[in-house]
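Labels run A, B, C, D and E following the written order; every chain starts at residue 1.
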Amino acid sequence: MAGTLDTFPRLMLEHARVRPDHPATREKDLGIWQTWTWRQVADEVRALACGLASQGFRRGMHLAIIGDNRPRLYWSMLAAQCLGGVPVPMYQDAPAAEFVFVLNDAEIDFAIVEDQEQVDKVLEAKPQVPTLAHICYDDPRGLRNYEGILSFERLQALGREFDRANPGFFDAEVAKGGADDVSVMLYTSGTTGKPKGVRQTHSAFIAAARGGCEFDRLGPSDSVLSYLPMAWVGDHLFSIAQWVYAGFTINCPESGDTVLTDLREIGPTYYFAPPRIFENLLTQVMIRMEDAAAPKRWIFRRFMDVARRCGAEKLDGKPIAASDRALYALGNLLVYGPLRNVLGMSRIRVAYTAGAAIGPDLFRFYRSIGVNLKQLYGSTETCAYCCLQPDGGVKLDTVGMPAPGVEVKIGESGEVLVRGPMLLKEYYKRPDATAEAIDRDGFFHTGDAGYFGADGHLRIIDRAKDVGALASGAMFAPNFIENKLKFFPHVKEAVAFGHGRDKVCAFVNIDVGSVGNWAERRGLPYSGYADLAAKPEVYELIRECVEQVNAELASDPALASSQVSRFLILHKELDPDDDELTRTRKVRRSFVAEKYAVLVDALYGGKSVQHIVTQVKFEDGRSGTVAADLRIVDTPTFGPDAARKAA
Amino acid sequence: MLYREAGQFKSSYAADQQIFPIRQDRIAVGAVLVFAFIVVPLTADQYWLSAILVPFLIFSLAAIGLNLLTGYAGQLSLGTAAFMAVGAFAAYNFLLRVPGMPVLVAFVLAGACAALVGILFGLPSLRIKGFYLAVATLAAQFFIVWALTKFGWFSNYSSSGVINAQKIEILGYRFDSPLSKYLLTLSIVAVLALAAKNMVRGTVGRSWMAVRDMDVAAEVIGFPMLRTKLSAFAVSSFYCGVAGALYAFCYLGTVEPEGFNLDLSFRILFMIILGGVGSILGSFLGAAFIVLFPIFLNSVAGPLEHAIGVKLPAGLMSNLELMIFGALIILFLIVEPHGLARLWQIGKEKLRLWPFPH
Amino acid sequence: MEQRRIGEVILRLEDISLAFGGVKALSEVSFDVREHEVRAIIGPNGAGKSSMLNVINGVYHPQVGRITYRGTQRQQMVPHEAARQGIARTFQNIALFKGMSVLDNIMTGRNLKMKATILEQAIRFGRAGREELEHRRKVEEIIDFLQIQHIRRTPVGKLPYGLQKRVELARALAAEPDLLLLDEPMAGMNVEEKQDMCRFVLDVNEQYGTTIVLIEHDMGVVMDISDRVVVLDYGRKIGDGTPDDVRANKAVIDAYLGVAH
Amino acid sequence: MAFFFEVLIGGLLSGVMYSLVALGFVLIYKASGVFNFAQGAMVFFAAMAFVVLLQDHGVNFWIAFALALGMMILLGLATEKFVLRPLVNQPQITLFMATIGLTFFIEGLAQLLGGANVRGLDIGIQDEPIAAIANATGINVSRFDLAAAGVAAVLVTSLALFFSRTRIGRALRAVADDHQAALAVGIPLHQIWGIVWAVAGFVALVAGMLWGARNGVQFALTFVALKALPVLILGGFESIPGAILGGLIIGAAEKLAEVYLGPFVGGGIEGWFPYVLALLFLLVRPEGLFGEKHIDRV
Amino acid sequence: MMRALKSALAGVAMLGFAASAQAQNEQFIPMAGYWVGPYAAGGSGIYGGFIDYLDMVNARDGGVGGVKLTYEKCETEYNNARGVECYERLKKKGPTGASVFHPLSTGITYSLIDKATADKIPIISMGYGRTDASDGRYFPYIFPLVTNYWSQNTAKIKFIGQREGGMDKLKGKKIVNIYHDSAYGKETIPVLDAQAKKYGFAVTHIAVPHPGNEQGSQWLQIRQIRPDWVILRGWGVMNPTALKAAAKVGFPRDKMIGVWWSGAEEDTIPAGDAAKGYIAAGFNVAGENYPVVQDIKKHVYAKGKGEMEDKSRIGSIYYNRGVVHGIITVEAIRKAQEKYGKKPLTPEQVRWGIENLNIDEARLKALGATGFMQALKVSCLDHEGGGAVKFQQWDGTKWKVITDWIQPDRELVRPMIEQSAAAYGKEKNIAPRDCSKES
């Protein structure tokens, strides 16, 4: 790329020039994959940018973007950037009340939203957001009679008119843009405190995109499915930065319900998903295989054994026995290939997971069936990643080596520190926070505890502040334990307690799909989550899982004392709407501990049953209470010897 | 298992609505065509060509015809053979009486004649349904065969009522070897099968299925009952007519009206029941089964006698064949009313979902 | 919200009487329907509501009476003729084509707009292929409108009841009718499905300006969404007017006494 | 004129023979809504079973009759169990096709049993003109036809009595009216169907003996079923009087047509004439002579 | 799939022929007949006699000229399509292919004329098939041997003339031709019309629809016409039905003359008493007291073999007709061996044998078939060979021969045949052979 291609608008225009007929964006709509080429995208963006300009959008202004992954919303980001503005994508599933903060914090004047649902929320928030003046919507359905809002078509029509009236305007605006302009502002999910607007420049994100693309040799012929929340940095990297950098094709699914179908149809070559998605997929696979006829199950098990034995090694290019090679080839024909196919992963060259730790079994499963799944490590502040796993150098328990051009070191407290071109410019209007996060040497403090192994790979243990200690002084890394529990398909969510206590106890959320299927096969009737969760049989099932985790923990001297000695199954699913999870579905441990204090007390108090009444919010916004008597179960823990045997 | 569909997405309606939207299917169909047009001619002997493949193709065509009427439009007909007879005799007469008539045109006109007769006998379908209609189509069966026997003009006053199909000559090339007849039949059947597939996935096919599934609703959304049913009779009879012409010209060479008897009608009905009601593919599968199965039984009988050294009672195999056919019909209706085609479909679904069961 | 302009009378039924054998289904019923309005027909079971719809689109032929549609008076009409004049409908007992997919079912609704001959369809040349694609797009818009994308390829027989009803509505809408007759569109639905269906009916009426005549048992729904209501009882008209009028009508209250709603 | 009457009477009497076959159809249709195409094959099978017992095994006439009846009842019950019951609630047209399959099965079975040759069957009534009548009026009336008509009359009367007077008969009628309702009031549907198929087997045996005595017992006997179809269309599928009257009309009409119309068109019109007649009739009255008008509720 | 099936079939066939695979000194004769369906009686009887005769020749003489006769059955069900399939399946069997094909069905014969001519396989349609094929110039491979329908019909009229007391007495007589409404049934209509013209009698053709088990109205018509004679041209179940129907309308059975396909025990026995007195033509006679039949019993049945399950059918009309099929086939092979040597012969060589067949009375005696069948001499011009028929009458239990061989009216028939064959030749564009150049 020539040196002048230092902003996203310029990159986009370059693609429109170099590969005008190459598909840039696809969207499953009206039954087929509607396709826009780079030239068409550039056109659309131009019209949109001019439209925004005609409505008074100026350099430096913020454009809120709210909705599912729609081509027009992606284009809106580019349009804002063309004008020197800053797109601010927001989590589309947040309620109106949560909008208010970001809209106010970012001083939003313009918002482009997806549909009636988002319009309603924005309008609900509007009285508290004095700056908000312009609302534009993509899908006109149900919006016929709304006053004072603008349709996307109308905006573009105005833009074309404006463009005709001011022919040189658009190009001049693009020319004014500089590499160090802020290209996007992403709000951190805010595991703690209020969200902060992370301001990233064109150069930072382009550097990140370039690094990733070169690292994994991504080019125009690649294809990704854009289905992750647009407000998340990962999606911004993959669906905007790398898209516009490499010139490949982004594909927007028809709706949230059809992601899996759409994934299969598109068959992306480059894929990115948080561990949860991979986990769900694997759970689906296992559930569906349970229903298969016996011979098929036998074949599946037989070849999955083979894959476990040599699949990952084969993918890493390590030598394996000839007999295994033959078996693997047969397995590839009978099981792995079809499996990749039904999962929509046949064409995947590179898949990444990040955002949370991924279970070794899970990770190994995908790699063993031939999906080149890798981990990366990073945050919003580092443009999504700072460590990557290189092909052939994938280790299950690490997040890889520092990405090209990135410096990573471990701070004195064991915290991971990062320095490089893709670091954030600042937190918006939060110089204090900025100063706190970036030290004098320019290192960004990630807040994660980790260490480098002898192989140069970084290993992350937990959030630095979450790593605690048991009363005995032994290290207690709750995330680590929770993740281990969550690696079982039956466990959807787990919350471990133990900091400052004498032992570790846990809350468990069962996975209704997996456990429900399990129950059905045993002819166990149940009426819903709460009922299912209370079944003694289910308790027994989960107890076995916990026991297994204990066995594994026991085998590691550092963690042996972190074995879960008691647990209970929660009567409701943890839900972001109840603030128990973040929007990225991370557990808010302290909130949960506070909310369910009575349960925590019961766990440590040695009770076997505890009554609880909980406030819940229903989908329609109403709230109510749920009451239940929860059983608490003891689980055996292992001494080092027993552990070795059990493991 | 063999189906790897990930990455096969459609970005236009044209691509989405093609006959075989799945790439592997297209490859398979291509392979079948290559096999039929190239491999078979290179390898098959005369027996296979003229005694099995040609009748198989012709019966497939007739079965498609019946399937359009019965499977798609829901009008049960027991008069298929009669419409074939119309086609055979019409083609003969066109070639006999119109000097310089090209054979293919004669075939088309023969189909058209059959279509006209089909429309005539389809008229009662407006007032009567179900097996009342089935019985009415028997009238066509008996009447047409009788008329062809009775009026000497149809058979050019041949003393026996038998007609000798004329030589087939297209653009100066004589189709008289089994291979050339096979290729001619194959081409015609392939083209017509494609056309049938096109029809059933177009408006006319939907109109037939609508009438079949819920006739009042069909009328309410604007399918005129008269035109829809008659179009089904016409198209169906056209196919049967062409099949009849091929039966006379490419297969037997000489035919008499009695050859197109009720038994043949039943045979074709069985083809669609076993093969799959409402499926073009099923028509082929059913025809293959009905053509091959008796031959198989018959040809194992002799060697079997030799092998076990016991003389089988005369007619045992033939009677067993009747019984097996009958039992199979019942079995299929009970177990898989959509026939072999559905089994195929299920198998394909399984392969597409493999390793998952559903 | 009041953007629809209720227009002139487009359908007028006068003195309709219909009998099967000796049984009188309708006796001298008269009422009219105005353009763009939502007109409800209510009444207890056996009141002749469905018969009324069947008379309007020609499934039944009244022995006595006149029907005037868009200024043309007629004694009777065959159903496909009614379809040709822009009358579409759904049925009380779902009348989908069970052997076809959702997509094909809805495509049948477009049949009157397709002009290709059988021959053209057979070779799928020119008009035939083009039409299939154009109308597919139209159908996709309706699928989108009714939010049934996920079941596009499903055979209708496999769908739950509520979705079948929705597909049937889609099929009727595909014809882009001027007058839409809905025979108990919400029967047998749960509250949520009913809400959806109400919204769809109103959306249709609003967005396309379609005149709607519907039969419905759920009084709440009727009163909410209809502009005017006709009340039948034992084949006779006992009330006609706005929902409020009807609610206050003595005869109607009597007829409904004991009918829990 | 005498000849006309002879043709007419001959036609009416052979019509009775058709009715006899049609009766089997009606019985089964009435009770189970199945249009049993295999009735013709059952006639063939019954006659074959009887003849084989009588001739190949030298069994006494009445014992052979009883044994053949037993076989027919078994066949009927088996049909009910293995064909009808699994297909319950299927569309009628499916059941119809199933009985076509059954036809082939029974045909094969019968020929396996008795071979393919024409077998003569003598039941002691000669198919000859009654001399007294011939001498008095010049009209030939076959003794056999008259006897067959007598048998048919007895059969119809007894069936009518069976239907109206016995408990089973009433249950049968209830089943015919509404399967679901019958099931609801506790009528054992399968048992009833079994009985009906058995009775139909009995009727087939009687018809088979008469037809076999007349034409010889051979495969071609199955074709008499084809003659019974127009009779049914004319008479309606559910009416016993319809079957009788339809048989008479078809018998008389086809004979008159063949004799008076046939020579003008080359003869041999008997094969299709009844069908065309029935078809024309259908166009006027789709529900048959005694059928009830059916209204589609939508 | 086809390939797989084919090899599967081949595998099964191999299994069967494994024992005889090495013995290549064989002459293969296909047996495409029918053992089921409405016409099974004829098929099973004729092929029974045919096969038994071949087995007898193999057992008694060790084959023909040391060449063993082999055969394979194929069920045609009297159905043209199945017949063609049998033909195609069997035509290449054996070391030299099918020596000669007997379709035993007029319809199948018609379907095979072109194919067999192209394949150079002789077709013998003995007493059926296409009459004008008797003109060998146009039909080199088709042999309607012994007698054809037209010849037989003229003989029949001659017989009636005899009975009436002279051919001149035929004038003004009424004859009804009641026929099976098929290709077979219709064959004789033109020749009867020609004879009616020649002798001045009136003929009425009455069609009986397939399969012929309903003849009430036809016989009422006959009763109305009150003919002097009825010619029954039936097949299968039509025959007993006709006899019964005749009895029913009181038509005298001894005024009914059946064609040879209407004159077997299987036709009369089922009719019971109604058949008594009925006369039928035949080109062979019934009875087992002929040396040839006795030889079969001795060499085949005495060893526990034999085709007939029902032994009482040995010596029946159909069975004996099968024996005639056997005699002629074997004699044709024998004749051909004279020219080509004692080895398995190709079909074309057998064809020569048939065309030059000359079975005289002396040869008949040697075969043990004197009176059993007529002498015949085939030539290039004449593919019929004989042409005479004997008349037999049913006495209630068996057939009694009532005449000697009655010769046909060759002056009438031959020109018709030649005319018809020439027309066929013209339609098909076949140049006639010059028989003077054939040897």
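Following the convention adopted for this analysis, contacts are C-beta pairs under 8 Å (C-beta built on N, C-alpha and C of every residue); 3 or more make two chains touch, one makes a residue touch a chain.
The model shown is predicted, which means the values in this text are computed figures rather than measured ones.
Colleague: Can you list every chain in contact with both chain A and chain C?
Modeller: Neighbours common to chain A and chain C are B.
Colleague: Identify the chains in contact with chain B as well as chain E, in label order.
Modeller: Common neighbours, chain B/chain E: D.
Colleague: Note down the smallest number of touching-chain steps it takes to go from chain B to chain D.
Modeller: 1
Colleague: Identify the chain pair with more contacting C-beta pairs: B-C or A-B.
Modeller: It is B-C, judged by the count of C-beta pairs in contact.
Colleague: Return the chain whose centre of C-alpha atoms lies at maximal distance from the corresponding centre of chain E.
Modeller: A
Colleague: Of all the chains, which has the CA centre nearest the overall CA centre?
Modeller: B
Colleague: On a C-alpha centroid basis, what's the spacing between chain A and chain B, in Å?
Modeller: About 56 Å, centre to centre.
Colleague: Measure off the straight-line distance from the CA centroid of chain D to the CA centroid of chain E, and report it in whole Å.
Modeller: From the centre of chain D to the centre of chain E is 37 Å.
Colleague: I'd like to verify one number: the distance from the centre of chain A to the centre of chain E, where each centre is the average of its C-alpha atoms, in whole angstrom.
Modeller: 88
Colleague: Using mean C-alpha positions as chain centres, tell me how far chain C is from chain E in Å, no decimals.
Modeller: It comes to 72 Å between the two C-alpha centres.
Colleague: By residue number and range, which residues of chain A touch two or more other chains?
Modeller: As it turns out, chain A has residues touching two or more other chains at 31-32.
Colleague: Give the residues of chain B touching no fewer than two other chains, as numbers and ranges.
Modeller: Residues 12-13, 16, 146, 149-150, 216-217, 315, 319, 322.
Colleague: If a residue has to touch 2 or more other chains to count, which residues of chain D qualify?
Modeller: Counting only residues that touch two or more other chains, chain D contributes 111, 115-116, 266-268, 271, 298.
Colleague: Could you please specify the touching residues of chain D with respect to chain B in the complex?
Modeller: Result: residues 35, 82-83, 86-87, 90, 92-94, 96-98, 100-109, 111-112, 115-116, 226, 229-230, 232-233, 265-269, 271-272, 275-276, 278-279, 282-283, 286, 296, 298 of chain D touch chain B.
Colleague: Which residues, counting only chain B, touch chain D once they are in their complex?
Modeller: Going by the criterion above, the answer is residues 74, 76, 124, 127-128, 130-132, 134-136, 138-139, 142-143, 146, 149-151, 216-217, 262, 266, 269-270, 273, 315-316, 319-330, 333-334, 337.
Colleague: Would you mind writing out the residues of chain E in touch with chain B in their complex?
Modeller: Residues 2-3, 5-6, 9, 12-13, 15-17, 19, 35-37, 40, 44, 72-75, 77, 79-82, 84-85, 87-89, 91-92, 106-107, 110-111, 113-115, 118, 130-131, 181-184, 186-187, 189-190, 207, 209-210, 307, 309, 420, 424, 427-429 of chain E touch chain B in their complex.
Colleague: Using the touch definition up top, name the residues of chain B that touch chain C in the complex.
Modeller: Residues 12-14, 16-17, 195-196, 198-199, 202-207, 209-210, 212-214, 216-225, 231, 235, 278 of chain B touch chain C in their complex.
Colleague: Tell me, which parts of chain A touch chain C in their complex?
Modeller: The touching residues are 29-32, 141-142, 144-145, 254-255, 257-258.
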